[in-house]
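One structure follows; several queries about it will come next.
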Amino acid sequence: MKVAVKEQFLISPYLAFFIVHSMQTGVGVMGFQRYVAIYTEQDSWIPVLIGGAAVHLVIWMMYKMLNKEQGDILSIHETAFGKWFGGFLTLLFIMYLMAMGITVLRTFIEVLQVWMFPLLKTWTFTLVYLIAAYYIIAGGFRSVVGVCFLGVVVPFYLILTFLAPLEFANIRNLLPVFDHSMKEFALSFKSMTLSYLGFETLLVFYPFFKKPETSQKWFHYGNLFTVFLYLYLMIITLIYYTPDHLKRTIWATIAMWKIIRFPFVERFEYIGLATWTIAILPNVCLAFWAASRMTKRTFNINQKKSLIFILMIAFIVSPLFKDRTEIDLLNSIVSQFGLYFNFGYIPFLFFIHYIMSKVRRKV
Amino acid sequence: MNWFKKGSKTEEDSLLKVIEQFKKSGDFIDFQNPQSPTHYWISYFGSLVDAEIIHRDILPYLNKSSFKKIEDLKAALPIENIVVTSDLGQIQQMMLTGSVLIRLNIADKQGLLVRAEMNKAREVTIPEEEFSVVGPKESFVESLTTNLNLIRKRLPIPELEIKEFKIGNLSKTRVAVVYISGIANEENINTALQRVGDIQFHQILDSSYIAQMIQDNDNSPFPQLIDTERPDRAAGVLAEGSIVILVDGSPHALIGPTTLVKFFSALEDYFVNWQLASVLRILRLIAVTFSILVTPIYVAILNYHYELIPKDLMATLVSSRSLIPLPPFFEALILELTIELLREAGARLPTKVGQTIGIVGGIVIGTASVEAGLTSNVLLIIVALAALASFTTPVYKMSNTIRMIRFPFLVMAELWGLVGIAIAFIFLMGHLLRLTSFGRPYLEPIYPPRIEDLKDAFVRLPFKMQPKRPVELQSPETIKFSEKAAKQKKDIDE
Amino acid sequence: MKKIVITIIIIAIVGYFGRIDKEILDELDIVTAVGYDSKSKNKIEATAVVPVVNPDKSISNKTITSIGNLSKETLYYLNKKSAKPVVNGKIEVALYSKQLAEKGLQNYIDYLHRDPSIGTRLLLAVVDGNVKKMLEEPFKEFDTGTYIQRQIIQNIQNGFIPTTNVHLFLSSYYTEGMDPVLPIIELKEKNINIKGLALFKGTKMVDSIPYRKMFVFKALHENIKNAGYKLRTTEKGKTEYISIQGIQTKKKFQVQNIHTSPKITLHLKIKGYIREYTGATVTANTVIKAERLMKDKVQKETVSMIKNFQRYNIDPLAFGEQARSRTRHWDKKKWEQQYKKMKVNVVVDVSIVEIGVVDGH
């Protein structure tokens, strides 16, 4: 079932690169190293690669389905499960998208509260940020993609700042290589894949590409770039911290900035965090855009109305999570769901869709 | 007051009635010439027509011989474009723009209209706002005809098309939309023509009226059309596929569609070496960023992030602020407002007095306020530099905008420090992403990213490397010149 | 119109409720150094140095002292005694008295790691003597905190103090197979004097190295980029001194028989040039002699130093880390037993490449 989007709202396929990369790098970048290093210590760069490869596979499956359907997740669901059950599953997906946006925003606010402003009220920041998100989403998918693009380009200079910790790096920290059991690798692979989540929004914005099939290449490149970025960060983290030190550091990336001392500025984490305010914007915008878009597609209501509704919910829900444990719980629930969705449900759906599309064609 | 309404309504009125109405104005002249063989009636607005044309080109010929029919008159006069009509609306309009009406009898319904409007315009002078050391020194003046001449002179091709409108139900201002057909995008032309044609307003005093009425977003502080006083700039962008709008009575032409980065390119960039031009452009962009962000960053760091300041700098900052009673935000706000005040006062006063204001403000107020312990000297330096940096923008309207958008940043810096600045930046980014100029993205070539256009955005690469027209303008004729001919390979010593 | 009203209301609400705690630069007491003395059994005395910028732009010191049980708590008490809020985002040095170091620095270190406003370039040092007295000592040019920091950093770059900061300290404290070291400083005739190195087992100081042996320790700990060394020789019955400058060292580890009975071979290469010689002339012979002398001396000191480490069962040179990075399934417990009896071979190679611009007489 083809989903048609008006010509003037379409975007060039190569922008897929920026969309996928900006969606994958959110708040996770600030502290993913620890969750992986708990299991595999100095070998933690390997799960980064394996995780990236697994994501490539899932992306390939998504494109296979979407290319056949020329639509989005709703049309896949309707082909695979019929109208009613398909609609129900899409509703679950919408809730997941909303939860994703809320999680990113709430976790970022937590980071701000821990590192900069202990007295910052969650709801005030949420309000301002969501207004900004609304303003951008109201500009349509083109401006959301613009934010994805600028959300990658503007904070890009931060990549260079991670060279500063190398002053105290010890390359021997990476040795010995492959010194962990398969079980440990499996566990760390699981925590690593969480950092790659976000690319599943493809299931929503696929019809917005000009010649959607050609965007697949760029989508893979974008993921590859994310893999490269995580690998870069992981290796620098591993040689800067010893594994035992890393296990005790919650936000390793931010903590690394603390070592920077330029003649004109010290303690880079404050600048880094401020820049990160811009870097998480694509996550929030695209997640809420996708949620509102799917609501529109499923229930046939005005996207502007559904967007306001969704942002209202986000504004009410986000301050309900008050402390570290609650936020951690939210994070783990959302990322577990994302994990099973991407690496369990998508392959399953791929299989069902394959069969059902054959069946329906015959009928 | 029905005389400025068009034809159909005045149909019942006779020509005489129209003349009667005109006669209520003291500058209207209507008389019969008894000395000439034919006793014709001549009427015109003395303030609109050029007396020399009447005395030299009209009266002598009329007095030479007698005429029976009005068509004979038309043949006798050595002036082109003579209209013989009985359409009251046309007669009215033409007389009000400087034509002379000649009738054979006072009660005639038909009249002969000779154009004799007075063209009093300023001499073409040196551009003041967009002055450049190198390059042409002509600038537009208030006369549309002169301005069109300045452009046509630079583009003597038949494809240069000019569509004229009369806008303003009181002012009847002539507005010309200029473009090169075949190079300018059809859609852009239609957008421009339609928007100009749709304007409903009583009076157009300047091209900025038109700019505000045809821009895409009325609530944006950013100018969405470049206004230039340089005919060479107008000709240059026409050749790239832009559309230029000229307004009679305004020495500024409007250029559209345009993008944000174009506001930071001076025409001089094309007159000097590309390396130099690139350095200057980057310098300008840094200056603009600096100008917007430096005071907010000062406020943010002093309010919240003392950790960022290196130890050596800290002593300087603390000692400069130790006696200041105001918190950083108010200190910065007051100083910024003072600078704005000085600029505004300087702009409103005659040049010579304005200079004095600058000196008084810069030296006396600045030094005195530091000595009185009202502002810190570090901030004084910062604010002065920021003001200086904002003036590097080649387009005047943009430099105003840049000074304005500093204030929301300042407020956000006061509220949430560096994070607040980032939030303000997000709003700015969102706004710029949504903004369009004649329907084309305003932030291009940054977003949508277009490598080809980046060659003439933040830097200016050599002309040889830019064989294509900007993608932004969607020109149907993308190639400026043949790349192959320009790039003939040469071996050593050949 | 409706939009404008809503915008104004939102700005007002956010502006009012969104306010956060300000830390205005000139209204803070920015601590540059903290020091801890042990007062009685459970009490510690914390001293903080705050630079005060005078209106004539000179800098003077202010110290605030308080007594409490925990380091965070004592810092909190410091606030009570100050007219401006005391903040610790700019602490450059943290000093601990020797008694405290011998009892263990666990509590203090945890605090340094936990507080996000404290930088990781913070220097730690052990003070032989009263910390409070040292911090109250005024120095010209800088405040006391900056002065101590500059002196230690200068000695890291051009002297014998091994590279140290709180990040490296934490790394070696948390990691098995590494033990931290800290410089020991003292106040001697109104000057800061570097006395030696404190060796830690975990966070407890167990032993120290005197200043004259610090060159050898630093050479074994890391590659030296620039240092000086003095040799004493006897020539024709007279005591002469040779000063070797611009010393660069390189070390290399070799670990053998990791699983059974490990044996570590340490290759140390020293390069330098003669700057000063109190004897008559510098000849080729002098150079060879100096090389041999230095080699013997370094070797002897190294061996005795490592023996000492093994006796205290501490590992400041990170032999354990060397072994770990060379072994699959490294066993910490087994290593700890092996470490005490492990054989360490030291191979020193000294080469003097230049003798200055004077030749012969």
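By written order: A, B and C. Residues from 1 in each chain.
By definition in this document, a residue touches a chain if its C-beta (ideal position, glycine included) is under 8 Å from a C-beta of that chain, and two chains touch if they have at least 3 such contacts.
Predicted model, so just to flag it, every value in this text is computed and none were measured.
When every chain is reduced to the mean of its CA atoms, the largest separation from chain C belongs to B. A comparison of C-alpha centroids places A closest to the centre of the full protein. A separation of 41 Å divides the Cα centre of chain A from that of chain C. Averaged Cα coordinates give chain B a centre that lies 65 Å from the centre of chain C.
Between chain A and chain B, the centres computed from C-alpha atoms are 45 Å apart. Looking at chain C, one finds that residues 14, 18, 20, 89, 119 touch two or more other chains. Across the assembly, chain A contributes 117, 120, 125, 128, 261, 266-267 as residues in contact with two or more other chains. Shared interface positions of chain B, i.e. residues touching 2 or more other chains, are given as 304-305, 307, 309, 416. Considering their complex, residues 11-12, 15, 112, 116-117, 120, 125, 128-129, 132, 135-136, 139, 142-143, 146-147, 149-150, 153-154, 261-267, 270-271, 273-275, 277-278, 281 of chain A touch chain B.
Considering their complex, residues 114-115, 117-121, 123-125, 127-128, 131, 168, 172-173, 175-176, 179, 241-245, 247-248, 255, 258-259, 261, 266-267, 269 of chain A touch chain C.
Interface of chain B with chain A (complex): residues 304-305, 307-310, 313, 416-419, 421-423, 425-427, 429-431, 433-434, 443, 446-449. On the side of chain B, the complex with chain C involves touching residues 301-307, 309, 311, 314-315, 317-319, 321-324, 327-328, 411, 415-416. Across the complex, chain A is touched by residues 10, 13-14, 17-18, 20-21, 89, 113, 116, 119-121, 163, 165, 167-168, 170-172, 174-176, 178, 321-322, 324-330 of chain C.
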